[in-house]
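Letters A, B, C and D mark the chains as written, and numbering starts fresh at 1 in each.
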Amino acid sequence: MIRNEECIVLSNQEIAHNIFELTLKGELVQQMNEPGQFVHLKVSDSVDPLLRRPISIAKIDQATDMFTMIFRAEGNGTKLLAQKRVGDVVDVLGPLGNGFPVEEAKAGSTALLVGGGIGVPPLYELSLRLKMRNVNVIHVLGFATKDAVFYEEKFAELGDTYIVTVDGTHGEKGFVTDVIAEQNLSFETLYTCGPTPMLRALEAAYPEKNVYLSLEERMGCGIGACFACVCRTQEDPTGYTYKKVCTDGPVFKGGEVLI
Amino acid sequence: MSQLAVNLPGLQLKNPIMPASGCFGFGREYSQFYDLSTLGSIMIKATTVEPRFGNPTPRVAETTAGMLNAIGLQNPGLKKVINEELAWLDQFDVPIIANVAGSLEEDYIEVAREISKVSNVHALELNISCPNVKTGGIAFGTIPEVAKELTKRVKEVSSVPVYVKLSPNVSNIVEMAKAVEAGGADGLTMINTLIGMRLDLKTGKPVLANNTGGLSGPAIKPVAIRMIYEVSQHVNIPIIGMGGVQSAEDVIEFFYAGASAVAVGTANFVDPLVCPKIIEQLPVLLNELGFDHISECTGRSWKKNEKLAYHRA
Amino acid sequence: MSQLAVNLPGLQLKNPIMPASGCFGFGREYSQFYDLSTLGSIMIKATTVEPRFGNPTPRVAETTAGMLNAIGLQNPGLKKVINEELAWLDQFDVPIIANVAGSLEEDYIEVAREISKVSNVHALELNISCPNVKTGGIAFGTIPEVAKELTKRVKEVSSVPVYVKLSPNVSNIVEMAKAVEAGGADGLTMINTLIGMRLDLKTGKPVLANNTGGLSGPAIKPVAIRMIYEVSQHVNIPIIGMGGVQSAEDVIEFFYAGASAVAVGTANFVDPLVCPKIIEQLPVLLNELGFDHISECTGRSWKKNEKLAYHRA
Amino acid sequence: MIRNEECIVLSNQEIAHNIFELTLKGELVQQMNEPGQFVHLKVSDSVDPLLRRPISIAKIDQATDMFTMIFRAEGNGTKLLAQKRVGDVVDVLGPLGNGFPVEEAKAGSTALLVGGGIGVPPLYELSLRLKMRNVNVIHVLGFATKDAVFYEEKFAELGDTYIVTVDGTHGEKGFVTDVIAEQNLSFETLYTCGPTPMLRALEAAYPEKNVYLSLEERMGCGIGACFACVCRTQEDPTGYTYKKVCTDGPVFKGGEVLI
């Protein structure tokens, strides 16, 4: 069930250049069932900024009612979010959408988790859950540059972790797809979140695999009412069939929607 | 008798608060948050004859104290709206106002005729801001004669009262209002969105795939208030006001300007519970301000007499 | 050569930033804060033939992310503006754009003829949003033929280029722009304020003594951007853009839309140093975005070619 | 000289119902020369509220760069101001306008200071300065009700102080003008600040006295540029002569402007 709650800031730290890790406490954590869902945040009491901001859930701790997000402070809204101090409240609407299906990766099989930049965060809770289900996890995480890298050790604790930077300042140089090919990584299921060109490349590269992609789109309501975030399906690319990223997604099966 | 009950053509409302068209879908999503029967009415999403996918994304952009949208009238088409959405809404004790859109006069007429027959549809809202294919895309709502004629034709086929939704993107809103009143409109709803635009700092290109979009939210409230103030003094049909409403105080301001009911659009995205919250706060605020009934507020900005029992239920 | 220098009809500007008319008086007050010679230009307060007191107070009201004003063209009249204000401004190395207003065509003509002779007045800005006494108060700027004719007549008597200031309160801004271009306008300035209104919660009456007022500030920026985007693609004269500009980023957005210079209004009240701050930040921002010269930004939202040296100084 | 400075909050306390006493520190205090001047405050970094708020200076301490204001938290802007905490910054433009001329009251003479509600604050610094110049001060301070009364003791330390409440819940019942008449107060100079009807009544009642009134008007710029705050002069009530409250006032001599 979706809830709207004023959650309390337990911590908010810059963990990489302009990248913040924000942990909130609230009862709506009890509603969070899947990795890859997101919340819709009102970052200020005023009308500036007016709209909520969608941010993925990176870690869920139902025992303590805590959840963690990782975001990049870039525009007006995320910059204000970066300023929240311990004890402040944040108005949270969530959890929203459908996350990554962990049950699609069988115990003993291998799942490849590919993240790009600020698409990396939801993969962390996903990896934790896959690991708990005895799925073998491999991570390929792409960033623009060394300064932007976060959670390298945390992912490494869960499975093989390849870091890729566009400028080669850390880990491999290039794109995640290059590394997957070079390293000859073998896997049964692929979960990915990141920039659209990356998702497109991965979907094209592994048509025979079980692929799950998490999409981004500009949102209004975040709950399916405003039709801001629709995408077309691959089956009906010019008709009027559609999926809403906020409620049907943000995670879709490879081949399902046009990206 | 409730302080909030309001009677308008076709609409006996338990309160004058309703979600604005396009900002509430067909109500399903918001029914997760509260009982839709608490609402005065629901203005459902624009319906066209055929299903529409709408515009490419991005379809929304934020502006200072406002937002732009270019959804492009996405909807499942007349048949599905009637058979699925309106049928589903029938479980609630709430009269529906059906927003009617099209690219040709004939489209409007067909939607109006069919949708007005549905039992829970108590009124139509003619969305005349749509581009008119016959006049090369000039909106129906910017030429008085065109709007009047459209209103007349729709009135002829509609089984329920017809409210015409005015576009604020005109030189003379009073002239438009009088034209649709002359065309037989039973009421007005106003305002639709202002046309606006945002450009991306890095690319220089429009943020919306459609280039321009409709500006809504608190930023436009002063324009809405001004237009309702002017129009309400020149027509004899009631006005459902909208444009930037976020609070009970805003609702009262719209009534003062000349509205008899108020719709809430963009604010639903910010706070999904905004409508029931306003409905709860209104009686408190009315008592503070010393009004027995909300209809006493209508037109107070320009009316001479202090107490009015205009369309008390 | 400076990254910011811009050449427009009559105006060789060291930078494209200037305070908007009515938001800077005649510069005296702001000269306490900085050297007015740092400005690209100054659009002085509207001048009429005779002195005017303007409207009763309250003359301003705040709205969400905006403000309403109904100053009512208060000014000391043509003679004093020339002998006292323009004479005083002559100590600064800054070309002046004189805002010309009136209630009759003849008023405009007289002000334009006389004020355009003053040596530091390098251009006129025709404020056609004023109510036209002859047409019962309908603004000059809402009827294309009237605006065109006014432009033509003013052009005949003016010794300097004439920019026409467009009102956004029209159905078709492109038509207005084309009309004044046909009338001989050398440039456009846009947008003037949207008409808006606020009502007092306690009294129910308008906050402004004049009832309605002009809405300015960040709230109207998307409307300004949209109109400049549309107009700049349909005229061959340059546009000085305005409406909600607060920062260097906003300036670039106006250039992308199609502006060749930008005026700052309401923001001066919030931060008296806003203009010099923007002038300082612009080169930094241009470098970040990869532009050699600010004129490369003009019209980028709709132009095909990547690099443009449109009216580089 | 007018300055624009980010001042630091030293204290902010509710001293009566919804009435706050705010003390700021900043170098612009060195520019404050007269009681009755005001500052123009930006209460938030965002565009909501957009405009500055004019607030009178209630106490000036140039030795420590501190000044105090007293305001009622009523609308959006003043409510935000009430939330400022010690150490926060407030963007101050000032000092603005012309204050009360202290030199108009001669040493040994009596000055009557009449304040109404939130017009009381600027009279405090005025009273301090008059007292320093050996002027005998009498205060008549009107408030709506008991809850709204503030600074009673502080004024009492400086001279006779009559409190008047509209509902009679504290001090005398009625209006300040009633009390002045009843108590038969005699004085040479009258300084007043408060609601317009009160100013009007006082001006009418004491045409032969040396009267100084502080006016309020809605403001834009606060520095004389926008013509928002003009009033007419008594000499030319229908012409185009004008005074600006922000720069020619807020204090005017009785008989000068139309109120």
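Convention: a contact is a pair of C-beta atoms (placed from the backbone, for glycine too) under 8 Å apart; a residue touches a chain by one contact, two chains touch by 3 or more.
Only a predicted model underlies this, so the values are computations on that prediction, with no experimental measurement involved.
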**Q.** Least hop count linking chain A to chain C through chains in contact
**A.** 1
Q: Could you please state the distance in Å, as a whole number, between where the Cα atoms of chain A are centred and where those of chain D are centred?
A: 56
Q | Approximate Å spacing (C-alpha centroids) for the pair chain A, chain B | A | 36
Q) Between chain B and chain C, what's the gap in Å when you average each chain's C-alpha atoms? A) 34
Q. In whole angstrom, how far does the Cα centroid of chain B sit from the Cα centroid of chain D?
A. 46
Q.
Where in chain A do residues touch at least two different other chains?
A. 47-48
**Q.** Multi-chain contact sites of chain B, meaning residues that touch two or more partners
**A.** 64-66, 218
(Q) Building nodes from the protein chains and edges from chain pairs that touch, which of line, ring, star, complete or other describes the result? (A) complete
Q: Report the residues of chain D in contact with chain C in the complex, numbered from low to high.
A: 1-2, 4, 42, 47-52, 93, 217-232, 239-242, 247
Q: Under the touch definition given earlier, write down the residues of chain B that touch chain C in their complex.
A: 63-66, 68, 142, 169-172, 194-199, 201-202, 204-206, 211-212, 215, 218-223, 225-226, 229, 244, 249, 252-253, 256-257, 289, 297, 300-301
Q: Please give the residue numbers of chain B that touch chain A in the complex, ascending.
A: 22-25, 28-30, 32-33, 45, 51-54, 57-62, 64-67, 69, 71, 74, 76-77, 217-218, 246, 266, 268-273
Q: Using the touch definition up top, name the residues of chain A that touch chain C in the complex.
A: 47-48
**Q.** Complex contacts: residues of chain B adjacent to chain D
**A.** 64-65
